[in-house]
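Following are the structures in question.
Paired with chain B in one complex and with chain C in the other, chain A is shared by the two complexes that follow.
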Partner chain A sequence: MSVSAGKSVRLNRLFNPKDGKAVCVAADHGWMSDPTANVMELESILHKVVQGGADGILISFGTALRLGHIIQGKNSPAMLIRADWMNLPRLGGANVSNILPVVNFKKMATSFAKDALLVGASAITIYYFIGYNDEFETINIEQSAMFARECRKIGLPLIIEPMAIGGMVSGVNIAEILIASARIAVEIGADALKIPYTGDVKTFKLLVDQSRVPVLVLGGAKSDVPRDALELVDEALQAGASGTVFGRNVTKATDPQKMVADLCALVHENKSLDEIFGETSKSGYRLKAIPENCTGCQLCEIVCTQFHEKNYGIKSARIKIHAKGSEPAFKPSVCTLCGKCVNACEPGALTIGDKGYLVLDKSRCNGCAHCMVACPFGVITMNAETNTPIFCDLCLGDPQCVKWCKRDALTLVKRKENDVANKLGNEN
Partner chain B sequence: MLLEQRGYKNKILYVDLTTEKIWTETLDEKVMRLLLGGKGLGSWLLYKHMKPKIDPLSPENVLIFVVGPLTGTTAPTSSRFGIVSKSPASHTFLDSYCGGFFGQMIKYAGYDAIVINGAANSPKVLVINDDDISIDDGSEVWNKNTHESTEYLTSKYGADMKTAVIGPPGERCVPIAGIFCDVRTLGRGGAGAVMGSKKLKAIAIKGSGTVEITNQKEFENAVWVTHRMLRMSSQVTRLSNDGTVNILDLVNASGALPTRNFQSGEFEEADKLTSKNWKKDYWIKSAACFGCPMACTKISRSKKHGIVLDGPEYETIFAMGSNCGVTDHEAIIYANYLCDLYGIDTMSTGAIIAFVMELYQKKMISTDDLSGIKATWGSGDTLIRLTEIIATGEGIGELLSKGVREISKHFPGSEEFSMHVKGLEMPGYLARAAKGIGLSYAISERGACHLKGSPLTEILGGADPLTADGKAALFKSNQLDVAVVDSAILCYFVKFGITLKEIFQIINPCTGFEYKNPKELEEVGERIITLTRLFNTREGFSKKDDILPKRSLAEPIPSGNAKGHVVELDTLRSEYYNLMGWNDDGIPTEATIQRLALNDIL
Partner chain C sequence: MNINTGKTIRLSDFIHPKDKRCLMVDTTITSTLGAITGLEDFGTVLKSINELVDGIIINPGQLEHQAEQLGGKRRATPIVRVDWTNAYRHNDFCLPVSNVKRLMISNGDDAFQLGASAVIASLLLGFNDEFEANNIKELSLLARECHPISMPVIIDIRPIGPKVSLGNFSESIKLGVSFMLELGADALIIPTCDSETYQTIARWISVPVLLRLNEFPPESNMKQMFDAGVAGIVLAEDIFAVSDYAQKIENLKTIIHQ
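Moving on, here comes the complex of A and B:
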């Protein structure tokens, strides 16, 4: 049986007809979140989400009654209604977000599909839990089928959200369980899926290929690093996903509107992450360390070595972390392009090139090591075999240490002209 | 491709302290594919090299330092290393793991394992500088505490040396003595005593080498994903923000927070011990081990005592806090500091003190017996005083430092509440309040331990902690996972953000072993667990030893979420043996040994 006209009309309202994709925002967290901004200030956040250009917004029935007017305009996002919920906050004061207390874990329907239709919904979303125990799985299938029957009758699309939960879900079976649950959800009658990323493109592609309905990847807990969340969407799109349903990563973002716009750029405009984050050109920048953010993990040293030496170690790292004092303070020593080495290089082999990082003309290098001696930060060493200096070249413009240090202990700052060959600052 | 280009150094360093002979041997590729490294390699070497039933404090015991294929790479938490030996505390297989900055140096110095045999006549320091190795005189540093010893080594051999030292309790071969690697510790099971019995005071190591792997591009992509998943995990974020103690409120809410020597699982003052209090008044900085994005270490400062230390961790806070009825933060910090300074395990020390306090409560021990110390519940001063005498061995401290099992022999009637399994004191999750965890304490190869596959997910909401149904399978699944983590070697905490699937995705491009799927890697874990079981079987352990204290089995919890519960051990244990392919007495069957291809390598 083909999809009914009603379902078809409503799915077209959700998925952009040009590319068949959708950027949705889940704002149904009032059910379980602590009363943080994403719950308390939902109204203003919803306005921002609309301005950001979201294709759909997932809200609870109660929120639809109170705030549904925000998404009733001609070009506003489609309304998705969360039609079930579970008794999540079981542990009272000790409740922790994203931890599902399975003792007495129950799921219940919270509104009928026809109620959702009455408040203007373009689809409903329900959970489908798998992996906990047989009885619970049975209830989930039964309830999902009930919603599917109802949705079919009234022409309302059904989005099923499979979730693999419980202690028996492990690395051995997680991908298989998610793939199977997607398939089961479709067989039950899902018109689209909202589902977690399996963690890699290969298995997620299998999931998408087997689903045969649009797959929307979800974002999970708020990520401290916005790029991490977008990277996950990027990979899901590569695997064939039809878009995303992002909740806390949008509603708890410092700028929800920008986050939605970035998602749209990724999903609808095929922009790359580097374009979105404005990281296409790093010319004219230098490293800057922020010691108070450093935890002393030395990951920067390993990735530096890996990039330059194609092996793993720290001896040839062009960056060094020093731990000091009994109340340890970690101090990254980085090349600041201060230019002392350049000045010390009598043959003129070491220069700051056009692209704004140190380059060595090996034919001119006499191995005198004056550059090493001149470096005030001790980040130049000598290669004993080639008798040439080992120095920071900003990874040819894409510094790996900055990329990997997500604690922002290492950053890039615009280099001032007078940084070079000038007095030594204390900024390092 | 050579193993040297596939995450290994293809070299085991052997040091015989009796003959002062030093030599190296290569790895066997077949063994490595079956056992991976780390715990797997260590247990195989121990099984091969050690005579059965020797005294763990005799020269015949073997102390093995191990790393894994991922050590020293960009894989998250790549500093981890382990020690494998026979435990002086439990006389079983012993493995213990440690972060910090020592492990990757073993690898960079060029070794997959360091095997220490024999015993010296006089104190020694083992100095490893790549392939330049010496056994130096250690008389000058003998009797020094861990801080003095570490300082001695770095001033004598260079500040860039990474160190592993024992304190005076290790020298006295006390079974709760650990090995201290700067601010990180191999705490449990008495590895420090093994080192002491060999008169090996310390190891200083520095490596200038590198690690090569099979497929760098694939590896880097997969490693990036593991880091991203750790960053995005809300459990890791909690760990990172609130330290290991972040779970204390959950454990208490589950009725599983050991209180007053494991009498109950609900501590009425638990709120005082939660993260927010430590954070507010004591934490000054987060720190990370080498290569770790999580940075769970919280450095505390006590103004009262004028000290700074890494910690206290959750296990110390339960052991010296709720389990002794103590909420005095300063006292807990100071007692932790003393343990680190002298070189003993905080968990066993806390459990010993809690046991003494219960003896005192039951009037089985008097103030006179305790050199004037009043061992009342909740006293911070008592906590500090008892820690001091346990650490120094002064007076009754000498007996106390031998652990709960030994102490209880002197107090008839105390066996019922002497809270240990196989001689190792119990960890911080009440067995009765989480049945799978209870089973894991009975089975764990080194005695009561929460790090050998205890399904802590029971407390974090992943399963109903109060039912025994399905718990044998749940424990088994966790146990095999952890065995792989301990062989790779990664930190236990990566499990909060990634699964065996992601580990599989980095192990293959690292080692080139081309395991077919995560399931095949899980089988490596099963092989390793069975191998350690065979070791313990050879030592005479079986079902009769896979037990829990009487309190866990027959004394219903008096209050809290798990009120009325005990551990139904018999059913759980039989079910588990069955799942593992071990016979009714807990001994791996011939069929199991063959299925896991262990007969090929033993």
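Moving on, here comes the complex of A and C:
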């Protein structure tokens, strides 16, 4: 643990000293993407976030000057300042509208740590993009180191947000990259991490164990079902996370106050999802891969194509088997119904239907392929003839891959399931 | 050699003033590769070797987190790595490197603030001309910046670029040593090479020369190394993958300082 008194005191403002955990809300989207409703109504949203009991609020320097008064007082959330800027949401393919698209990925340091201290911040947050290209990562390392030095000097905690983004990142290596980047960030000077979920409890636990600083899991794209968003946090907590930073899942929620209160119930009161949402909550089934059991036989890919395309090729399979490294190990990538494709679909053609699997309204699909780009597991491809996405529809509720896999490397689990024993190490 | 008192005292924090020898470990590749085998739980590793080594080369962020364990009598002296490179990302890493990069992540003032007794940076040799020129520029800035604040500068000479081959390896080391002496380095780390090369280097220069070893050396080689004029050993990160690394380090310590 850091020995700087300033850092310790400020981290204690963010992480509840009783349980060492924190529920934070990221409200810095207006700084980097289009002025959507959650940006334009930020003042009223922040009031609700405070009432919900958040431990921290991530805002830009300008918002701190304009709305900092909302978080005054000992029991108010700690202020975290976003000290950099980037244009990733405007590169296209993300889940927001895009007024002025950009071509080149850029990131700039925009505030000094000292500026954040002057407006009463308890920490600053900066990005560390890895996986785009070597030049861009080097810029990120340089800026991280610069902030680390300044923060050390003034006793302000530095929260680094590693993001595995770019052409070098795939469903196969994303967990490995996130684990490595977390430790790299700590070596450079992070006092805490804000990081995406790796996709399963086992790898996220590895990330937490190797980082040895508080790890806050981020919520990512807005989920249609609040329970799904909280399920991710639940799994991250099982892996040892110290809490969460939720952005659009709170600021775009119908009831931001309730969303924050639910997060607090999960993080601080150790309530189960069933206690929070009620036992009767139903959200269907989803596939779960167990890589340890996979032999790489690719039978799942074959039966998938046979069911959907009536042929035996595997090119248009909705499941992908990847060989991992030089060892004879395989990783099935399956659709986990994370909903990122649904969020990325601007015309609303792709949805999770009543029966709990993805459905496409072809009349609304414009062939933009944003769903394909948004899929973190690379299991959505485009049909060149129809210009529509090829995606997993759980074989209309009876997945053939699960049926045919003789090694139980694929199973079907309830989306609301939160059975720890079953989840450990078994996620896709 | 004419270095100032501050540098002399700080160097003696890890190069024993009586026998002029030292045993150090380098743990800093984690800033490039993440947690490698054996270094997953840094705090526990540090605890196991803290009283066995004279110095530990450590990244600034990690030093900040482990500060309570470091420094003081009998414990490892922290030496801060002030640069970062992706040059060690090989094809078995999840993001193999395409363009080799190197940059400074800390400086003398920062190292002081962290309580370090020296700073260390690498001279990466054998890459393209622009890369080499930038490397020299940054290291010379570091040396000039550290001189007035009496912070010793250790340069880690790494001939690892594509222009280096078995044929010019030893000569590349000598070139690096020459550059870094001219630059004002207070100690040098060189890679394992033939004994004739380090005998030549040890005779030639007056600053301490330490040898970087990627694995534990056989005891029989130790006398030869020190007879050749080497002031100490820097064990690289790979040694932590050995299950009984602490025992082996303890054995080395006995031999080095006996």
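One rule holds in what follows: the second predicted complex is superposed on the first by the 259 of 428 C-alpha atoms of A that agree within 3 Å, B and C clash if a C-alpha of one lies under 4 Å from a C-alpha of the other, contacts with A are read in each partner's own complex, and residues count from 1 in each chain.
One rule holds for everything that comes next: a residue touches a chain if its C-beta (ideal position, glycine included) is under 8 Å from a C-beta of that chain, and two chains touch if they have at least 3 such contacts.
These figures come from a predicted structure and were not determined experimentally.
Note on chain A: of its two partners chain C and chain B, the one contacting more of its residues is B. Judged by the touch definition given at the top, the superposed model places A:V186 against chain C, while chain B stays out of reach. Look at A:Y312: by the touch rule set out above, it reaches chain B but stays clear of chain C. Judged by the touch definition given at the top, the superposed model places A:S4 against chain C, while chain B stays out of reach. Of the two partner chains placed by the overlay, only chain C lies in contact with A:V213; chain B stays clear of it. Of the two partner chains placed by the overlay, only chain B lies in contact with A:E231; chain C stays clear of it. Once the two complexes are overlaid on the shared chain, A:M168 sits against chain B and chain C alike. In the superposed model, A:K153 lies in contact with chain C only, and not with chain B. In the superposition on chain A, A:N383 makes contact with neither chain B nor chain C.
Residues 133, 168, 326 of chain A are contacted both by chain B in one complex and by chain C in the other.
Those residues of chain A that touch chain B in the shared complex are 91-94, 96-103, 133, 165-168, 170-172, 174-175, 199-200, 220-221, 223-225, 228-229, 231-232, 295-299, 302-303, 305-306, 309-316, 326-330, 404, 406-407.
Remark: chain A residues 1-4, 130-131, 133-135, 137-138, 141-142, 145, 148-149, 152-153, 168, 173, 176-177, 179-190, 209-210, 212-213, 325-326 touch chain C in the complex. The touching residues of chain C, when paired with chain A in their complex, are 28, 30-35, 40-43, 59-62, 64-65, 67-68, 84, 86, 92-95, 97-101, 103-107, 110, 113-114. Contact residues of chain B toward chain A in the complex are 72-74, 78, 104, 108, 208-213, 216, 220, 222, 225, 227-229, 231-235, 237-238, 249-250, 252-253, 284-293, 295, 299, 301, 308, 436, 455, 457-458, 460-466, 470, 473-474, 477-478, 481, 498-505, 517-519, 522.
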